[in-house]
Amino acid sequence: MVISLREAVAEHVHDGDMLALEGFTHLIPHAAGHELIRQGRRNLTLVRMTPDMVYDQLIGSGCVTKLTFSWGGNPGVGSLQRFRDAVENQWPHRLEIEEHSHAGMATRYAAGAAGLPFGMLRGYIGTDLAKHTTTIKTVECPFTGELLAAVPALNPDVGIIHAQRSDRHGNVQIWGLLGVQKEAVLASKRSIVTVEEIVDELPPVPGAIVLPSWVVSAVCHVPGGAHPSYALDFSVRDNSFYKAWDAISKDRDAFTTWVDKHITSSADFAEYRQSVGI
Amino acid sequence: MVISLREAVAEHVHDGDMLALEGFTHLIPHAAGHELIRQGRRNLTLVRMTPDMVYDQLIGSGCVTKLTFSWGGNPGVGSLQRFRDAVENQWPHRLEIEEHSHAGMATRYAAGAAGLPFGMLRGYIGTDLAKHTTTIKTVECPFTGELLAAVPALNPDVGIIHAQRSDRHGNVQIWGLLGVQKEAVLASKRSIVTVEEIVDELPPVPGAIVLPSWVVSAVCHVPGGAHPSYALDFSVRDNSFYKAWDAISKDRDAFTTWVDKHITSSADFAEYRQSVGI
Amino acid sequence: MAEYTTDELMIVNAARKLGALAAAGDSRCFVGIGLPSTAANLARRLYPIEPVLIYESGCIGSKPTRLPLSIGDGELAETSDAVVSVPEIFAYWLQAGRIDIGFLSGAQLDKYANINSTVIGSYESPKTRLPGAGGAPEIAASAGAVMVIMRQSARAFVERCDFRTSIGYGDGKGDRERFGLRGGGPKWVITDLAVMEPDPDTCELVVVGLHPGVSRDQVTAATGWVVRFIDDVATTDEPTDHELDTLRRLQAA
Amino acid sequence: MAEYTTDELMIVNAARKLGALAAAGDSRCFVGIGLPSTAANLARRLYPIEPVLIYESGCIGSKPTRLPLSIGDGELAETSDAVVSVPEIFAYWLQAGRIDIGFLSGAQLDKYANINSTVIGSYESPKTRLPGAGGAPEIAASAGAVMVIMRQSARAFVERCDFRTSIGYGDGKGDRERFGLRGGGPKWVITDLAVMEPDPDTCELVVVGLHPGVSRDQVTAATGWVVRFIDDVATTDEPTDHELDTLRRLQAA
């Protein structure tokens, strides 16, 4: 249950899998993303509402053939350079995209978590998204005749999140901004959770939710594993690191050099932290 | 915002309204139900997953023409005698019923809270419920072709719940078993919340949710207002009172005498408590 | 050998089955109040691998120190790993297929394990109005397997239910598949006289076990359809002193 | 009169509008990070009736003491009346019609207030790939009214968007009704040069206000469609020292 991140990725993530590394600004599982690069996973379909730096790193490293998303940028900074280069110039290779809205993605995760084949919302109507995204259809209300947008459930092969802590049985506790962390785990066939700390007993925390151990495939102790994202009450968002990423990621060689030097050359996230000095 | 229960019912509840007095064993708004009887509301449509003693009292008092529900009994005791007498013998008059399952009712509240015209679930299939309940239909998944049960959103005129406390602005805090308390308020056009206490600041409580004041029409300070149901950390369920209700409610005269003596003859819930000695 | 009531007999037999299922990896039980809750809590005390108790009131992983008197008992929330809303417990947990074992009971059970907890007589003018469906239809549809615990009598065990509140095997083998139900349906019916299971070929409930001292004639007389017995009907073990002591201490807590 | 930047000019004008709307009872704002968040937080400090800040990250009633740097800033959660999941904020709060005012911006805005934040050029082989929709389509659909805050230029204010990420008035009056949208759509476009509003008869954006010292020719030159001006175009008030001081203290916090 509680194993190393290297073991968890080796055991649960395979080439060609559909993965959701979720986190809505808070609790983004950067360490897990790095381990996917280290182990050289390929042909991944990545799913995420807000792909940010870690997805940029995976895309630029050639791990990803498809991205399903609703907003792909560097919050407060600008573009995701590797994402743009892949879409605009097919570098390092072609990236297929499936584009939705936040509400549509949240609905798809919730449908997946609920064991429903699809979800519905008052959305997309009048936009060009439905013209380009085949996973947006309509459904008619059998009572009122209203037409609503319908989107298929998301059921990734592996849901990966970061959380504040777990107990030794693998019960996971999350508080602060909850995002779609619960839905990403419950919608996925398997799940990996990296945590700041592992304790004997989970002390009650206002606003916290608990995912019972039996819906989690692996818990990995990775302090700071969300950096430059954060874990409320353990760390703060490293905004300067996000800003610095813009320059690093703008240039293909600078990006490749950075990934080789800091991620691929590090044995694990602890070494990576020393390497980048955080 | 913070007014007396008498004022709240007088202002927000009208004859012929659809009401949801919710509470899943925990936080059942008995005091509010009594005030409806005192003010002689008629032709009400009552909605509730688990109608219990307070709905029995409203039905027996002739306030109710229709009941939408999923389980109508006296938990751990047996039948709801007034409910049975109304359905089996039309006493005090005919009671129309619209019958669902728990999952169906929960889905209907959630759809109502989400501003959707209907909700869907894997349910009802193979049962006789759909033969007798016109608000159970099917919807086809536009992606897989699967048939799912569809139920219309519930949007009561007034949602009424009991909660542990609110602040002076009317922000409401609820913890322990949450039932469908949030959905019942958010799905309703207006809402009344009775609370154990009103405080200056809401102290954070593990497992608590907060309903902001601007989704609540009225907050009323009614200590013990859930009795014989309970409010976690303020009271415990009065199981003997539920047991005693069986004998009181079995006989029409005994029931009428009890309601006259304890509810109608009391000016408010405080007097009622003295009258029944709780 | 200690004296025991028929309730104790049913509870102990249900607890034994739950212990065996938990040991085999099917540990998540969606329990209602009454016999199922008592049986599941007894199993938690009797066996090394404990069933995980999930209550429809939203409690996940409850470990009550005493038997809850209602499904909303505060003790259930206070001892849970997680407490979620009622819409969530039905959508994310039961419907999503995370429950291994559900429990059902009712006023009528028919030979295909369909259950009636709605009305005796006609729906429009019932002879007896019962509480209704509650969580039963979706437990019957989505739980990995269903255990029925119910007192046996010819009035209750009928050829066909007056009203089908929750589905077992419908009108026979293949109906569950036709309806696209994901759950496995009723696998065990534990009564005060016997243990029944669906015939693999027809899905009709047949007697696979008799409780100590119960005759086939008693069971036949207490069943409203022409009930069949498998060739080698077992006799269930007497409740042991340890089982009964544990149960009685639990009920006294 | 104090010096001020064009950003400060837009923020102050937006804050004034939010103050007036809150006083009139439309106080619930669904805010993103950047100018809208700054304007809403400024209004909270300038006016007696404060806007209620709701962030798509799930924070309801946030009262940050400093400006959040990202929509997921911890400060937002810690100062909220309630924090809910992302599926809930979109379903129970935005979609249900509980938001009075939403904010939108983008790379392109067309004369019917449709907005593009997806691609410049063709979707299949874009000249510039933009971040995408985020919450915009449903904010545009469900918010009671929408305020657009955007720098004005002929490149950004176009006759027709390359891609319609969120809908304003579609191809003109009546489209919102035809699409069955419940929200009111864009009511105010606040730029660094002017204030525009939809023409009541055509829903085409027309200039209703000019910022101090801005000429009609400047606005015409900075608009990609033949922009019209209402008869009595107002000039917006200069940002006051008090407004600017409050804003700068907020940004320095």
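All chains are identified by letter, namely A, B, C and D, in their written order; residue positions are counted from 1 within each chain.
Methods note: contacts are C-beta pairs under 8 Å (C-beta built on N, C-alpha and C of every residue); 3 or more make two chains touch, one makes a residue touch a chain.
Keep in mind that this is a model prediction, so the values were computed, not measured.
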Going chain by chain, each one touching the next, work out the least steps from chain A to chain C. 1
Separation of the C-alpha centres, chain B versus chain D, in whole Å, is 41
With chain centres taken as the means of their Cα atoms, state the distance from chain B to chain C in Å. 29
So which stretches of chain A touch two or more other chains? 115-116, 121-122, 146, 182, 207
Residues of chain C touching at least two other chains: 91, 95, 142, 182
Check the chains against each other and report every pair that touches. A-B, A-C, A-D, B-C, B-D
If we count contacts the way the header does, which residues on chain A are in touch with chain D in the complex? 24-26, 49-50, 69-73, 75-76, 79-80, 83-84, 87-88, 99-104, 106-107, 109-110, 121-129, 132, 146-147, 176-180, 182-183, 207, 229-230, 232, 236-237, 239
Once bound in the complex, which stretches of chain D touch chain B? 27-28, 52, 60-61, 81-82, 91-92, 95-98, 142, 182
For chain A, which residues are in contact with chain C within the complex? 113-116, 171, 182, 186, 209-212, 214-215
Using the touch rule from the top, collect the residues of chain D that touch chain A in their complex. 33-34, 56-59, 69-74, 76-78, 83-87, 90-91, 94-95, 118, 123, 126-138, 140-142, 163-167, 170, 175-176, 179-182
Note: in the complex, chain B contacts chain A through residues 115-118, 120-122, 135, 137-139, 141-144, 146, 148, 150, 152, 204-208
